[in-house]
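Each of the next two complexes has chain A plus one other chain: chain B in the first, chain C in the second.
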Partner chain A sequence: MRAVACSALIALTLAPQSASAQKSQYEEYQRMTAASAPVELFELAGEAAWKKRQGPKNASLEQCDLGQGAGVLKGAYAGLPRYFADADRVMDLETRLLHCMMTLQGRSRDEATKRVFGSADQASEMEVLSAYVAGQSHGMPMRPGKDHPKEKAAYLLGQKLFFHRAGPWDFSCASCHGDEGKRIRMSDLPVLYKPQHVQPLMATWPAYRVSTSKIVTLQWRMNDCYRQMRMPEPVFGSDTTVALLTFMTQTAEGVQYRGPAIKR
Partner chain B sequence: MAAGPMKMRAALGAGYTDVRVLMSHPMETGQRKTPDGKLVELHFIQNVTVKVNGKTVVESQISQAISRNPVFSFRVKGGAKGDKIEVAWLDNKGETNSTEATIA
Partner chain C sequence: MRSLLTLASGCALLAACATQSIVTLQEHPKATARDLEEVTAVLKRDFRERGQAKLSRIELDDVQRVCNLHADNPPAELARPLEEAQLKAIPIPNGELIGDWKRGERIAQSGRGSMWTDKAGVQDGGGCYNCHQLSPKEAAFGTIGPSLAGFGKTRGSNREMQQYAYGKIYNAKAYNLCSQMPRLGHAGTLNEQQIKDLVALLLDPASPVNQ
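Right after this comes the complex of A and B.
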C-alpha cells in the first residue's frame, strides 16, 4: 500500500502537469488555508473598535445605522450597498462606517481616513470594523438595495466605469476582468459582470489575505486595482468606488454570504 | 500586538474533543528586513501549553517557522461537556497570553 502511494507520488512529481491538475492543486491549497483562517481574531478586534468611545463627541459606533436601523448588525452587511436618506447617497459598508464616525463621533473626514488600510503589524480600525460587521451577515443571502433611483444610478455608473478605459495604459477593469480564461500567476481572473463569477467573490469579502497576513476590504480592492491600472488614487468612499461596488454586488445578488473569508 | 486577542472553540466528539485555537502574534523569524534595511527582531511563540480542568495535557515547543497569527487544531482524548480547556503561550520575549473555553 505504502509503495503504491509512493510511486503515485513520484509519477505526480515527474509527469508534466496539465493546467487542470495545477488548478486542482491550487484549489486544494485554498481549501487548506481556509481551514485555518484567523479571521475571528480580527472580528474580535472589530467588536472592541465598534464599542470604543472616541472622537470629539466621545461616542461609540453602537448607534450607527447600517441600513437595518440604529445599531442593528445582524444582516446589515448583506443589505449593502444601499441608499441612505440621511446622507442622500448610496453607501457601501466602509463609506457608511466613515459617515457614522463623522456624525456620531464628530470626527473629521481627514482624521477618520488617515489610516484606512493597515499593515500586517497593525490592522486599521476600518478593516477590523468591516470584518466584525460583515461577520454578522454570515449565511445570509446578499440583497443590496436596487429600487431607489440613486441605487439604479450607482449601478449604471459602476457598469460604465467598469468598461471605461483610461489612464497611461488605457486600462479598464474589463481589461483584466472582462474575458474568461485569464489569470495572473495561479489566480483565475473572474469576469466581474457575470453573476456566476462575481457571486463567489462578493460572498467572501472582506477577507484575510494569507500572502500579506492582513485583513483586506473592498475599498482596499478598488484602491489597489486603480493603482495597478496606473490611474489616480480613488478617494476613500467616493462615488466612483461605491458605484463599482454597487455594480458588482447587485450583479451577485442572492448569493449566500459566507465571509469574512480568506484570500491567497 | 503580541498580547492581542485569542479565540478558542472546543467541540465534543465520540470519546474525544476537537480543539481549535487562534492566536494573534507577529511570529517574526528574525530574517525579515524593514524597508530601510534593518533586521526585524526575532519574536516568536516558544511554548504552547494546553490544560484540561487544570491538568496539563499538551506541552509543546514551537518555532519561528510557524506563520503569523497561528491557528492550532488538535484532538484531545476524552473530555466531557462543561470541562474547562485552557491554552497558554509564552514567547521568546517572555510575553504570555492565555484563553479558556468550556467544551460544548
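Right after this comes the complex of A and C.
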C-alpha cells in the first residue's frame, strides 16, 4: 500500500499543471489508496478494546447501549447522533462511548479522555472503538435521531454554531465550508450545510488518513477545525461538538454509510 | 486615509470578491442578538483555553457582531462607520513599505500562527496560499480569495498602492467589513516587518508574483 501511495505522491509532485489535471490525479490517487485501506486492522483492535475488561468496575463495554439496546452494534452508528434518556442529552458515537466508559467501567472523564486522539504510531482506544462500531453500520442508511425536542435543539444550535464567526481570525465553519467550488491549497472544500456535499462525508467517517497515517474521528475533526480557526479548544464530547455533528448528520440523512473509509 | 479608502473602493480587488461569495448563500441564516448571546455562552461553557488560544477569543467585537447579525451582508449605513474605524486604527508605518519578497514568500507559504499548537510570535505565517494564487510557480494555491498573480504588475507600486496593500493585510475588514480574510496585523498574527515583506511579495517588480 505504501508503495502505491508513494508512487502516487511522486506523480503529484511533478511540474505544475493545470488545476483540473491535478484534480484528476488526486482522484486517481484516492482511488488507488482506497483499494488497500488498513481500516480492518483498526476495527480488529477496536473489537479487542470493546471486549477488554478495565476500569474500577473491571468491566468491558459489551453492555454499552449505543441506541439500539445494550450491546447491539449492528446499525447503531447509523442511528447516531441521537437523544439518550439515561444521560438526558444528545450524543454522537464518541460521546456515547465516553459515557459508557464512565458508567459501565467506572472510569473518570479525565482518565478516559486523556488520550482520545492517537498518533501514527499508536491509534487511541477511542479511535479503534469508533472504527469497530461504525464498521457494523456499513451499507446501512444513516438515520440520526431528529424527533426528540433535544435532537431538534441540537440541530438548531449546530446550525447557529456553523455560521458563527468568532476568534482572532473571524472564522466560522462557513468561512471555508460555505461556498461552492472553493479549495484550500489543493483540497476541495465541501459545503457542509448542503446535503449533496455533506452526504459523501458523513458516509465515510471515521476514516484512515493516508497523509498522516492515522485513523481520524469526527470529534477529532471538530477539534482540529477549531484549532485552525484559531479558537480555544472544544471539550471532547461537549454540546458544541455534538450539535455540529447533529446538524451535519441530519443534513446528510438517508445516505448509505460506507465507512470506515480512507482519506487523502 | 481618505484617499486610501477611495483608492480601495475604486480598486475592487480582494475585498469585493470576498463578499460576493457569501452574498450568494441564500441559505446562510442571519443570527439574532439572542442567538449571539446563546452561542457565545455555549462556547464559553464548552471550550478550554490552551496555549495562546485564550477564552477571551470567544468574545465578539463590533465587526464580528454586525457580520453575524447580517449574514455577512450588513447595510452600508452600518458597515461604513465600522470600516472607517478599522481603517483609522491601522498603524501605517512611515517610509518604505516594501520589504523583502523572499521572506514574504516564506510567510505566504506558512499556514502556521495563532493556533494553540503554535508558540506565540514564533514563525507565524500569513497562510496566504491557503486562499490565494500568488507566485505562478506555486501550483497548490487555494481559491477562497481572488488570484493575486501579477498584482503589482498591473497596479504599480507607488506609495498609495503600498499603503493599500499594507492596510489590507493588516486589517481586511477596513475595506470590506465582512471579508473572509483574517485581520492579520490587527489579530497580532503578523508584525510590521512581516507585513512589509508580504507587501514586497505583492508589489516588488522582482517578486515571482509579478513575473
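Definition applied: the second predicted complex is superposed on the first by the 246 of 264 C-alpha atoms of A that agree within 3 Å, B and C clash if a C-alpha of one lies under 4 Å from a C-alpha of the other, contacts with A are read in each partner's own complex, and residues count from 1 in each chain.
As a working rule, contacts are C-beta pairs under 8 Å (C-beta built on N, C-alpha and C of every residue); 3 or more make two chains touch, one makes a residue touch a chain.
Just so we're clear, the structure is a prediction, and the values are computed from it rather than from any experiment.
A.B. asks: Quick one: is A:166 in contact with chain B, with chain C, with both, or with neither? Answer first, second, both or neither.
C.D. replies: Touch status of A:166: second partner only.
A.B. asks: Mind working out whether A:88 is in touch with chain B, chain C, both or neither, as first, second, both or neither?
C.D. replies: Neither partner.
A.B. asks: Classify the contacts of A:213 with the two partner chains as first (chain B alone), second (chain C alone), both, or neither.
C.D. replies: Once the two structures are laid over each other on A, A:213 reaches chain B alone.
A.B. asks: Of the partners chain B and chain C, which touch A:122 in the superposed model: first, second, both, neither?
C.D. replies: First partner only, chain B.
A.B. asks: In the overlay, answer first, second, both or neither for which of chain B and chain C A:45 touches.
C.D. replies: In the superposition, A:45 contacts chain B only.
A.B. asks: More residues of chain A in touch with chain C or with chain B?
C.D. replies: If we count touched residues of chain A for both partners, the winner is C.
A.B. asks: Quick check: in the complex, which residue numbers of chain B touch chain A?
C.D. replies: On the chain B side, the touching residues are 1, 4-7, 22-24, 26, 67-71, 73.
A.B. asks: So in the complex, the part of chain A that touches chain B is made up of which residues?
C.D. replies: My answer: residues 36-38, 40-41, 44-45, 120-122, 213.
A.B. asks: Chain A touches which residues of chain C in the complex?
C.D. replies: 21-22, 24-25, 27-29, 31, 35-36, 38-40, 42-43, 45-50, 53-55, 57-58, 60, 63-64, 67-68, 71-72, 114-117, 129-131, 136-137, 139-144, 173, 180, 182-183, 187-189
A.B. asks: What residues on chain A touch chain C, complex-wise?
C.D. replies: Residue positions touching the partner: 16-17, 19, 22, 157, 159-161, 163-171, 174-176, 178-179, 181-186, 189, 193-194, 226-228, 230-235, 238-241, 243.
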